[in-house]
């Protein structure tokens, strides 16, 4: 596609517009006490050139997306993404899985503790993403307060360990039950709500949990949090720091595999089908004889269970928790993982979690621009690939009509 | 009794502040059913623009009234421009995408704009000049209501009336209502839907800018994060009143502001936000579409 | 029985892996002494963390120019924790796996608590110039923690003593911002007032940070009949409350902490800041070392020192001095040297007590007069 004259004119106008738009914020810097004004004209030049070039890229990408869409409408298949191509080809799957398993097994021994540590964080987010995926991706209930259940799990372990000295493995199932319990607690009042109303109420619920933890000192130790929570022990042996990190890594790997197994089974079970039906059309779903109340509540409860368990692991990993770790941004992050990964797709959610958690860690060199890039990626992904990294493929039988008829 | 009035007026001010931002949320939601998470950031950018322009003009030595007028105009123009651009980049390409996609895009936009201002300006709090002059107007009772509070209350009322007139009686208002009711039908009868959506963003952003200038001069300081907190509260208010309904947004904001004020005054500000959100949950249990929201039956 | 065998094998594998790690670690640590700096280097609290890194780098350059310590050069490794506990554990493991001997940091108390366990296991000494939470030294849970700043309870005690003995007040409202720093401080202030029996706490409440309007809480203070507010928290909320009070013609005293004793507070609150009391680290500007450091800092970076730069500078000096005096990078030797050897810093001559608090650093009360914080001598 050669840039024609009209294309150049368009980009020129775009760059003029952006120079105007970013003028006060980017160019002028005021020092209000000393009444000094700093003019940074060079920023305007960068902005002009940058937006001129980017507008070409933007239009080219939009054009590609549009033609892609038209192709798929007229019968030819839309180009699957790189990951989807790998996944659908049997020739790659076996060696890829083998290499994957080998890599996962030796990872903590060849990399240093820091790498292992951030990998644990990424694995935790995979489980969180898969848990929220049950609520948002499968059942279609937009939950902006998912972090509340995560906090419930973390505080369950923190408090039980602090007061009664209960160990990690004892509390893990308790955390899961507490998560489920709070899931149902939230589920009841919001049964009648739909879509965005549900979103704001769940957001409020998350805030309420955090505020209670912050204000109720006698119960939760308030904002100063709980310190020195025990790390998980191995058959009663307390491990040193680096070996306990490696141990936690393998615990997390087990947890991820377990989650993937359960979610995968759930998806194809009776209740999983009911969730998908509920997401697609509530009224029709009820007409089919599905108990709406029970289906919604199980979605909330099962989603929250995973958050509760990961919360326990989180407390064991950082050994210190306070309410500041459970803000709305955390919920937004987990939601971003689910949506970027492709709602309902297990592989997609896992890849998205790895990208979103590991990328900022490796982007430390650009630490100032980290969040800026993060925000931009969210927008760009949604604009150009709203179905996520790996689109969830529905089981379907297709009737292929003869093309020549 | 005086204490009650103080709390009442404080709550009213707070509510009016929420209302100025909530109106933008509710207008956008009414038209394209999108929670515009970046709306709080538009308000923040409005306040920043006003601060920058006002400082430059002060250095140039203009008089106070001229500064107030010019800074407010600049804030409105730039907020509108940002609102327009955000819509074109982050929402327009997503008109036919699944419902969650524009929401994620909006959250991304909100994070982007916050960090854009953080990097281009500063992370510190900046003092905001009190553009609204302090004047004594109600002598023996002036401790009950200050001039900035009065200006906020009056401006919100005027804007609310103007907005209602605009939507009821002008051509663009009619087009907006038509688009809100049924987008494809509006398109069939000759409404330029894209233009209407753009106009909605422009008007909503202008209101946010007015809010930005008023609130910043009321509390006297701004930083890049003010939009996020105010945005969440305003959005809660909009939902409380029934998102999509303009009188609903104002009513919801006032109720939220008064609840917070009385909760602080008579119970404890420790749980101020808990009261606000608990009220929201309660109201939504009994009226799932908000106070003045239309509870539409789902068509099969 | 069977279980135990598996168990042993697992441990052997882990130990083997560990040995490999340790050897690589030792190999790279031989030529320099590595000093980590942990704290918020990005995000909204970066203005606290970055000046400390700059100050520590100054110390290292200074020492290296004089030939280093124990014949080795000092290398500064800065890592960002954004003041979040969950990130701080990653930061700490990263520093440990890079083989640091000592750490200056972290900046925020919560993040410090999360990081300390990792340093404890790795036998790394950490010294903060800004983490003021009392638990860090008083609980005895963090034997490897030291600091060059006094703890919050000392600060709260000073605020209360000032309000009761100097200003002679009887009714005090205690407010806080619900954060770990502000609320902790407010709770200490409340306990001290109640214990003294000379005054009463008429109101104890947390405000919501970032709210658009504080008139309700100010009205409540007025109704409670308080003669002063003691506020625990940072300057943005403090300046909003003070402005709100002064605008509605309340003239009662406002006493706060070192989170408010910041030039930004005066800049933002403007004329309303006049008369506000705040406690902060003792004024050391008469110390010639302090002057020299401030000049060197300005020369090197073209800006004035940050709030905690001097404390960070002193921490780096104390740590390097301890290594020098101990004659090795051995953990026990360093800790012993910190407790016994005095070191000359911009904060004065300091050494550390058994709990890890610096002896000889403290707070004093400041008041805003003509747009500047002035130390009150009494």
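Note that the chains take the letters A, B and C in the order they are written out, and that residue 1 is the start of every chain.
One rule holds for everything that comes next: a contact is a pair of C-beta atoms (placed from the backbone, for glycine too) under 8 Å apart; a residue touches a chain by one contact, two chains touch by 3 or more.
All figures in this text were calculated on a predicted structure; none of them were measured in a lab.
This structure's chain pair with the greatest number of C-beta contacts is A-B. Farthest chain from chain B, judged by C-alpha centroids: C. Taking the mean of each chain's C-alpha atoms, the chain whose centre lies closest to the overall C-alpha mean is A.
Separation between the centroids of chain A and chain B, computed from CA atoms only, is 29 Å. If you average the CA atoms of chain A and of chain C, the two centres end up 34 Å from each other. If each chain is reduced to the centroid of its CA atoms, chain B and chain C end up 38 Å from each other. Among all residues of chain C, those that touch two or more other chains are 178, 206, 267. Annotation for chain B: residues 126-127, 270, 273 touch two or more other chains. Residue positions 32-33, 215, 368 of chain A are each in touch with at least two other chains. If you check the complex, the residues on chain B that touch chain C are 3, 6-7, 9-11, 13-14, 17-18, 118, 123-127, 134, 143, 146, 149, 215, 218-221, 223, 225-226, 229-230, 233, 260-261, 264-265, 268-270, 272-273. Contacts from chain A toward chain C in the complex involve residues 32-33, 108-109, 112-114, 117-118, 121, 214-215, 217, 222-225, 227-228, 234-235, 237, 239-243, 245-247, 314, 317-322, 324-325, 361, 364, 367-368, 370.
Contact residues on chain B toward chain A in their complex (touch as defined above): 29, 33, 35, 45, 48-49, 51-53, 55-56, 58-59, 74, 78, 81-82, 85, 89-90, 93-94, 97-105, 107-117, 119-121, 126-127, 129, 232, 235-236, 239, 243, 270-271, 273-274, 276-278, 280-281, 284-285, 288-290, 298, 300. Residues 3, 7, 10-11, 13-15, 17-18, 20-21, 41-42, 80, 84-86, 88-90, 93-94, 96-98, 109-110, 113-114, 117-118, 121-122, 133, 135, 141, 178-180, 183-184, 187, 206, 267 of chain C are the ones that touch chain A when the two sit in their complex. Chain A contributes residues 17, 20-22, 24-26, 28-30, 32-33, 35-37, 43, 62, 65, 136, 142, 189-190, 192-197, 199-201, 203-205, 207-208, 211-212, 215, 282-284, 328, 332, 335-336, 339-340, 343, 368-369, 371-372, 374-379, 382-383, 386-387 to its touches with chain B in the complex.
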